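Each remark here refers to the structure printed beneath this line.
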Amino acid sequence: MAKTAQKHRDPDHRRAAAAAPPKPVPAVPSNAAAHDDTDITALDLPPAPLTPEMEAYFAKCEEKLGFVPNVLKTYGFDMAKLAAFVAMYNDLMLAPSNLGKLEREMIAVAVSSHNRCYYCLVAHGAAVRQLSGDPVLGELMVMNYRAAPLSPRHRAMLDFAVKLTAEPWTVEDADRARLRAAGFSDRDIWDISAVAAFFNMTNRVASATDMRPNTAYHAQAR
Amino acid sequence: MAKTAQKHRDPDHRRAAAAAPPKPVPAVPSNAAAHDDTDITALDLPPAPLTPEMEAYFAKCEEKLGFVPNVLKTYGFDMAKLAAFVAMYNDLMLAPSNLGKLEREMIAVAVSSHNRCYYCLVAHGAAVRQLSGDPVLGELMVMNYRAAPLSPRHRAMLDFAVKLTAEPWTVEDADRARLRAAGFSDRDIWDISAVAAFFNMTNRVASATDMRPNTAYHAQAR
Amino acid sequence: MAKTAQKHRDPDHRRAAAAAPPKPVPAVPSNAAAHDDTDITALDLPPAPLTPEMEAYFAKCEEKLGFVPNVLKTYGFDMAKLAAFVAMYNDLMLAPSNLGKLEREMIAVAVSSHNRCYYCLVAHGAAVRQLSGDPVLGELMVMNYRAAPLSPRHRAMLDFAVKLTAEPWTVEDADRARLRAAGFSDRDIWDISAVAAFFNMTNRVASATDMRPNTAYHAQAR
Amino acid sequence: MAKTAQKHRDPDHRRAAAAAPPKPVPAVPSNAAAHDDTDITALDLPPAPLTPEMEAYFAKCEEKLGFVPNVLKTYGFDMAKLAAFVAMYNDLMLAPSNLGKLEREMIAVAVSSHNRCYYCLVAHGAAVRQLSGDPVLGELMVMNYRAAPLSPRHRAMLDFAVKLTAEPWTVEDADRARLRAAGFSDRDIWDISAVAAFFNMTNRVASATDMRPNTAYHAQAR
Amino acid sequence: MAKTAQKHRDPDHRRAAAAAPPKPVPAVPSNAAAHDDTDITALDLPPAPLTPEMEAYFAKCEEKLGFVPNVLKTYGFDMAKLAAFVAMYNDLMLAPSNLGKLEREMIAVAVSSHNRCYYCLVAHGAAVRQLSGDPVLGELMVMNYRAAPLSPRHRAMLDFAVKLTAEPWTVEDADRARLRAAGFSDRDIWDISAVAAFFNMTNRVASATDMRPNTAYHAQAR
Amino acid sequence: MAKTAQKHRDPDHRRAAAAAPPKPVPAVPSNAAAHDDTDITALDLPPAPLTPEMEAYFAKCEEKLGFVPNVLKTYGFDMAKLAAFVAMYNDLMLAPSNLGKLEREMIAVAVSSHNRCYYCLVAHGAAVRQLSGDPVLGELMVMNYRAAPLSPRHRAMLDFAVKLTAEPWTVEDADRARLRAAGFSDRDIWDISAVAAFFNMTNRVASATDMRPNTAYHAQAR
């Protein structure tokens, strides 16, 4: 994170601006994402040197996506933390599972919508649009999955994920039974739960640090 | 609303589909908005003949937007209700005010985000993108206005609108004082309140009827 | 709104009084509604000249009710806003509908009770007392509609209206199905929804402005 | 509780009525309190013989109020429970305290409003009207104490009582400090807390048993 | 409460400590309960002389438990209040009932867990451990009763008690019917309700006064 | 998970038991944790062969703790998932940080208390008792951290962690500023956030699977 970017986030600076007399016709923010690619969190954590493994991984991201997701750069201040995050993320979202990749992304977005996490909604909303080839499905996951015309399987899956997000202490046998009735195996229940739980973690890391999504996501697969 | 569309919404029909054995690799919904332009609510309310005034208004919509917003078609089963809705909407969102049109749309979306209203988030999210020329600002209003880099004026405006949405019974002198401190006049406070209150109405009409947004909104001003 | 009244609302004035040493036996407020007929909101919005149409309407109110409801005086700073409000209100609450006028007022009060809106509970609680000839029914709607001995029809109607008020994002086909099972048509569902939604608007306008009910309501139909 | 009354409450009976085809123009409940003086709870707990002490107390109620409050009749199935309730109630609400009787009743109603307890709102709302000589103050406590023009002392008192009701786990030194700053002694803090806590008990006994208030309360001190 | 103890609670004192520069390796609190047996509430309410009856009762506590529960010492500033509390407590928790003493303590803890009441969780958690001879059952009631392997009877009992705690305004015939279906009589429903309601009172007295549990409870029946 | 254990969890089995006539004096559960060491989740996920690395890790657990924590056995159905979990857990809870190990465990328990997660409260409550040498501190973290006599540093740390747990969407600059004012560096803020976020994940994995804590934890460090 460059110094200038850090200054931009300085709350005192903002407050000083606030003290100026408000104008009758207020300026519209011209580019709300102006700093999102350079000033990626509210914490000043200088990047550590990348390990060869992570250097290769970042290069692969650049090649495949055209950029390194900001969440990886954020974890990049500490190679052990970055490696642990990447390992868990890739296992959950990409490893073999009866849940398709799109289904896992749908869970990611429905959970992030409950938690109103800007970073994850942008990044994984784009993934839903891309994997489904259906931009509107991405919007529905972001806005209210209950408004989407879902199969009973997908509705049960997201109902479980969102209940687990909102009131985990009330999840019980009856909830697992509903998943089984919708055709999910015990392993599938694990995968739904683990993905929902993981985004409950990352949503909070993102909110705690004001993590900004790469601007490239916004226009993807519209 | 055509008969076929109505059938599509039949919950028994959906449930019958659910009883089929779930497939290991489940079909992805290929077009979540497939019926949104033809099957615009869950209620079967046949359109009334348009009054000349409303016919002219619908024509103006077609000309300016390229389509008649589904909310107007929804109210179109009763000309008195349609006229009352149009009069109030146009006064609130378009009549002279110290609040700019973009500001009013920002309130609309922040309120609709709290209420997770699919119709209003789609339609007014598009309006924020269009009026601001900043697609990301639209996303921020939809996802979490607190994550946006707002001026103190706009932050105070949206904080008031969302508090009024979430817990109207706790709004008091101190809340109005915060708006005044941010430079808003008493008339401005009225306008902020009236717009926020109006979308608390329309969000509920939309949710109560499962109102679907015109598909044209999704790609606008991305 | 007279100047004196405005002064009465001055929060600094109140705070000054607070700084005085508290008395061992504190004075009881002798008339909590002392200013409610003169100092009707917390906003200083001087009345506009009434249009002939509105002048006639206010005269009709005086004749029928003995007073002009404060909500109308509040909107009276702008004739376009007043006319739009009156048109929508009268259509919703008085136009032909399968819902009786009492039923619409019951919805108004149950919604306003959820939102703890002082103005609407006073004004529409009086309407329920008057239209039903049953003062206790008015109290029940204000306090907790679930404690009232309601017909299944009325219970379903109010359950829908209050759920739509509290968590509109969760209203779905199953909720509409419950209304249909209780004998309501699609048009009836619209009317229930529209009335509930409207009071979610007016509750917020009233709370945002600290709107005070005309004192005459309190003793009506007790 | 007479047998007929019990039958009246039979939920199966109600459900049978519900199965009948709903009528187009539904009957309005003509007297929502028709059974409130005879059918005072949903539990069938036959009265025990009154002890001489309680017989005298009931007689005193009849003399002073014109009736025995239904809460006392409810507890009347067990003399030990009745005596314990009466002792605690009378100490809290009537024994010497720096809090006036009206102040204690204001706490009772504000707490009962948060808990939406029909019995307590009716009975203690009447007490506020009577003790203050101000019917509107009673309405304000029932509907939303935040809308009442209260002294800083009374506002601090009710804010504490309602916070203690809504989220007792968050009450801390800072909350007690606010009461002290408003002029309350440690003993006063006890009294505020004890009264608020007591109504959190009685609200729940009343809701758990569907306790009905004596009809005489409704018209008192209007 | 000794003067020193009172000083210990002084928030200014704490704040002064806070102003000191934070140390890189912060001290761990060595004994979080250091003052719990001497400094039992945040209020300075000097003990009143015990009545002979209460003196005997305190002596019996010392004999049976080895100490006088701090809640009794707290009420000891006023003999009428202490006597009323003791009478109600003993009737509810010890008098004959179809509910066993352990069942009543399970309700006490499940309710106190919802309200996160430190005093009651410590004191009544110990009682559950002792009466059941099962330390883990005590932990389950404290942490989340839904995670305990309960009989349908006990689950229904605690579900009712916790719903009555969390949202008393929604308790209705259907909730009582569930208790009856689980084998509870109307008198049992009263007892469940009365115990749950009582702890909703004491939880709030304890939270309002920062009541500390006797340290002896912690190690009991582990 | 043995077959017998799985049978024990069978909900149909439980329901059959429920259908038996309820006994007047119901049996007390004699050992609520009877199956916790053998029947560790509600999912039937047979263990995979341990990798040499994980075999060594499990052996180290046995040696140090006397048992393998059930969470590790739970993840043991898939070596990639187990390895990713262990790597992240050990980095967060054991790697160098300005936050002491006890502080990280305090965050773990305060977060798990908000989420009422039985597994994590038992396992990490024991860790707080052990690391602090103060059994009561463990209880306080489980029951209500706000009732603990914490340093301003620790209070700020837990307030942030619990707010991030309860309402992550409201965490902003002002919250981070409070941590900085309490002496925390940006790296410390990361560590607090990452630990709090991680337990928001594990709490949900545990609740989703009904994960049972090893019985050995209960008696540790009492």
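Going by the order they are written in, the chains are A, B, C, D, E and F; count residues from 1 in each one.
What we mean here is this: a contact is a pair of C-beta atoms (placed from the backbone, for glycine too) under 8 Å apart; a residue touches a chain by one contact, two chains touch by 3 or more.
Not measured: the values here are computed from a predicted model.
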Chains touching both chain B and chain E, listed by label: A, C, D, F
Graph separation of chain B and chain D (steps between touching chains): 1
Euclidean distance of C-alpha centroids - chain D vs chain F, Å: 42
CA centroid of chain C to CA centroid of chain D, Å: 25
Distance from chain D to chain A - Cα centre to Cα centre, in angstrom: 49
For chain A, residues contacting two or more additional chains: 116-117, 144, 169, 172, 210
Full enumeration of touching chain pairs: A-B, A-C, A-E, A-F, B-C, B-D, B-F, C-D, C-E, D-E, D-F, E-F
Complex contacts: residues of chain D adjacent to chain F: 169-170, 172
Interface residues, chain B side, partner chain F - complex: 144, 146
Chain C partner contacts - residues on chain B that touch it in the complex: 9, 11, 42-45, 77, 80-81, 83-85, 87-88, 91, 95, 115-117, 160, 164-165, 168-169, 171-174, 176-177, 186-187, 189-190, 192-194, 196-198, 200-205, 207-210
Chain B residues touching chain A - in the complex, by the definition given at the top: 14-15, 17-18, 21-22, 24-36, 98, 100, 102-103, 113, 116-118, 121-122, 131-137, 139-140, 142-144, 147-154, 182-184, 210, 215, 218-219, 222
